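Input: one structure, supplied below.
Labels A, B, C and D are assigned to the chains in the order they are written; within every chain, residues are numbered from 1.
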């Protein structure tokens, strides 16, 4: 961390400030220029609040050189992390480090018939995981809020019928007890900065699929992962799912540059959600392919056997035949990129 | 709600679609044009999901005429709501309906000395309420997270010493039990769409100060209020505190147009936070005055007796003398606007 | 265009309003509901200003069903447009309708040596066009503003040496006279809404590469194309080059969803600029591949033989060897997507 | 400017880099730390391109301490600038340095009757300047583009009838010849980064009212002013008129924090346009008052005698009676703020 001191500051004051900083377990390198003094902080500066320093009357500007995250940082963990999910028949299905994870299924679990039918369809097309929501975050209190625990039960039935590991969203920590059979816990965009929830999740042993908040920076996403990892967990999958911008032709703006950036900064796997990221079913195949081309470790997308009757997000769900056709293309892309699918 | 049907749709299909809509307790007004058919939905459409309708193959576009919120809507509650907080000596202090609420205090409670000193200073300058954080949402797990319950205890001591009602942020519903003495519960920007928390708060009898998420639309803020109100509560104070935009010279962009807009759409009081809204202490007085000029029902701002040593948000805290000087101007502004201060 | 009339409006007033609308060469379809009257405007509504209508005291909301652009609209020109640029040796090089256009070269022309060396390198790697700036839009009046006419002369020399058609940016209409040998005229992001310039360009017979303004919607980009096309030209190439968002880890946020969207709405070719779209050279290959996967008709990117000494945009330029390696991947992607490269 | 060098860089290479920098008329202060070397550039760094430096393989990060603008910078011109516009009867009307400029009139000049009627109404209510557009930047080539030169003639007639100095927008430099009688030349938001136009305006002797581009940072606005000032002019009025954000309940988001920020960074007067800044006539009075409270040196707003029939922007125009009532409030606000109106 580099601190530029205001011009004309008294040497005595700078020394006092510098001494105060050294009490925070960093070493201050002191460079007195003819015009401006610059302090260089050496050591672990992740616990030093750059914005707080900015309040000091001596400080002109603060520049962070070191990233504010440690456990999620590739610098300290150069090789790719891989998330392995055990399969009922033995072995495991992986995401990251060369393995593409394809997670497909309906936005919401609506009935046994629906979830089993979709599960079989996506399995046959080559999906590796089944997704389905039981607890749904909805903008309106008057909208369908998901089937709750009953929905999870049906999802588990579909898992048993197909052998696909399952992914479902957890909205509050007290729901954890009913997530026993869920293989990957999804944390939604609106909860990405629910810091109390993130802290609690650090004690959870299951893999966490952490979606980027729709107005959070990539650095904030890595800091959210850091919250969970600081609690002890290290099985995190990052997910780009679109950010909020001035243009509204898509529900969100899918920020695919986040894929190479996150993979450079962190060792964690990065997947993409082209369904929520665009909100338009006809655009999903193009953006799913683009995600793989950009280097993603997988995709999560919505497949519904009857999008028009979906209780939630029908406008962004593709049908099983469209999904099957997309999977054929993705296999070719995976081959070029040297990934297992 | 108005639904434009795609050109060339079969009359039979439109009739079926229309019949299905009527099962949702609305009446469908059917207007067959020479080029395009338009359906008008009459009745309470708040429970109808416009985006889901968009998934139907017959639908060209959906236009919502009625607002998606009811209890927060001024249409059904034309007079201003006023939030009354009882005072220890009897009577009440009010926010809304002509009464300005001035809420001041440090970002975080740091010590008995600090909170009592600031409390007395802001009281003498004319503040109506004392703010102070005990549980702090921080972007980094390595930053100071607040004093927790101990901080609340100190805040209550300052309340007893000064008679000022207190405002503090609640981050998770299980903290509610220690908020007994807190007069107004603040819900922070990052929890504005924590729907599980909002639902639980509906059962709470205390006033809720609901901050706008830094990337939430004003309609989403009103929908968040609706979540709480749907649970039974009706004592909500809305708070504009800056939104995230492309420009970063201020921490957030204070969106003062939200004040007249929210007050036109809703009967709830609207206050402004110029401290978080700008992140720059020297800008706080200008923006506090602008907030009152724009029609706000109050302000909440950070005052610290020693901003340079603040453990949190020092760069946006003003000192007691600056606050006292600001209060003199605000009194003149209140008079012009015909508000009580 | 559909106009919802305010509840309680007098029938007589609505009739007058309706009659006034009919004088603008549209037919008004009149649907009187029990609760709300809705007017449907049938005919060419591109010349009707929806925002102006919103000012009328009878109007609740206005919903545009028809797109505001005509000549750029795929609805009236279902087949893909193809831009052919004649080659000196006869024949033409194409962009669009199945042909990928690869445009590569330095941000600025800096010297004969530099531009010829880069031109030969990109030609050998398989580029179809050479780019190079002579007039540079710079945020600071104190930055290098390009070599001007002398730069164009050198670019033309490189064209003669390699046979590659050339692309260069025009900043003001009075520069047109020196663009005689330039094959494709680029209009930069900051001039996308310079309406006077767009009108003048309508009379120009050369193909126009129109870059999306960094804060313009895709609809505004199509309206800018419409300005040029309304003047008579129809040889426009649209270019996505990143939009301004809250996150700043990339210089701009490359909005790849714009590719499938623009291609669905318009018949014009769509290319992508991953260099300006990210501002980071190491990210360019990933995003170039993602652009082709998303369905783009080509890419334009910056290649410099010595990025560290570039007078402009060195941080986003790739070197000739990186470009050559990228081209090998792009050929495989083109094959999967069924495009000629 | 401070440059952090990458860890592990060779001393010899750093010395060469440093020597190269010194050839650009700055002195390099060399601070070799145990972990990281930091270079401090002392002197006029406005001509050094921070982004270009970022391309160098030795560079970790670049931090600009000095602002990139000089002539617009308050640092080198501590006292407020005041723009004086001569009046026909002798004397001058001022904006800045304690004088509030109130500029009112219709979006477009539509007829002699209209412009004279509005001019007299705003004069009687206390406006200091008359605005009216003759050349209109419109998103659609099919919308009304203004009356052109004929409109300017009518505006000059209104000036003669009322004695009010006039303000009108110039869209291209070749229009300058017909702006002889215009007192203040307005440059619209979409032309704020039309650098060729800005350079030419530097030679113009009239005051320039420079509107902030709707997606330009405040620093970019100051750099645009710098372009004009680098050409020799120093009579610039900056204007905040709303920025583009994710929320669309207002046409733009009026960024009132820009007022105190620009006034701190620059000596130039700063005014606010609440009409374009909100797009909603009923919101204009609140935001006009807030602008003055925030410290603005004036406002520019749209007044139309018949907003419903306005050919342009009727939805954001207030009527003469609303304007007269607003002026009464503004006089009280001006008094509190110690400004002349």
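Here is the rule we use: a contact is a pair of C-beta atoms (placed from the backbone, for glycine too) under 8 Å apart; a residue touches a chain by one contact, two chains touch by 3 or more.
None of these values were measured; they are calculated from a predicted model.
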(Q) If I rank C-D and B-C by number of C-beta contact pairs, which comes first? (A) C-D
Q.
Using C-alpha centres only, name the chain that sits farthest from chain A.
A. D
Q. Between chain C and chain D, what is the gap in Å from one C-alpha centre to the other?
A. 28
Q. What is the distance, in whole Å, between the centres of chain B and chain C, each centre taken as the mean of its C-alpha atoms?
A. 40
Q.
Residues of chain A that contact two or more other chains, please.
A. 215, 244-246, 248
(Q) Looking at the complex, which residues from chain A come into contact with chain D? (A) 2, 4, 27, 29, 31, 33-36, 38, 40, 42, 60-61, 63, 65, 215, 244-246, 248
Q: Using the touch rule from the top, collect the residues of chain D that touch chain C in their complex.
A: 46-47, 49, 51-52, 54-57, 68, 137-144, 171-172, 190-191, 193-199, 213-215, 220, 223, 226-227, 230, 244, 279, 281, 307-308, 310-317
Q) Inside the complex, what are the residues of chain A that reach chain C? A) 215, 217-219, 243, 245-250, 253-257, 259-261, 264, 277-278, 282-283, 286-287, 289-295, 329, 332-333, 336
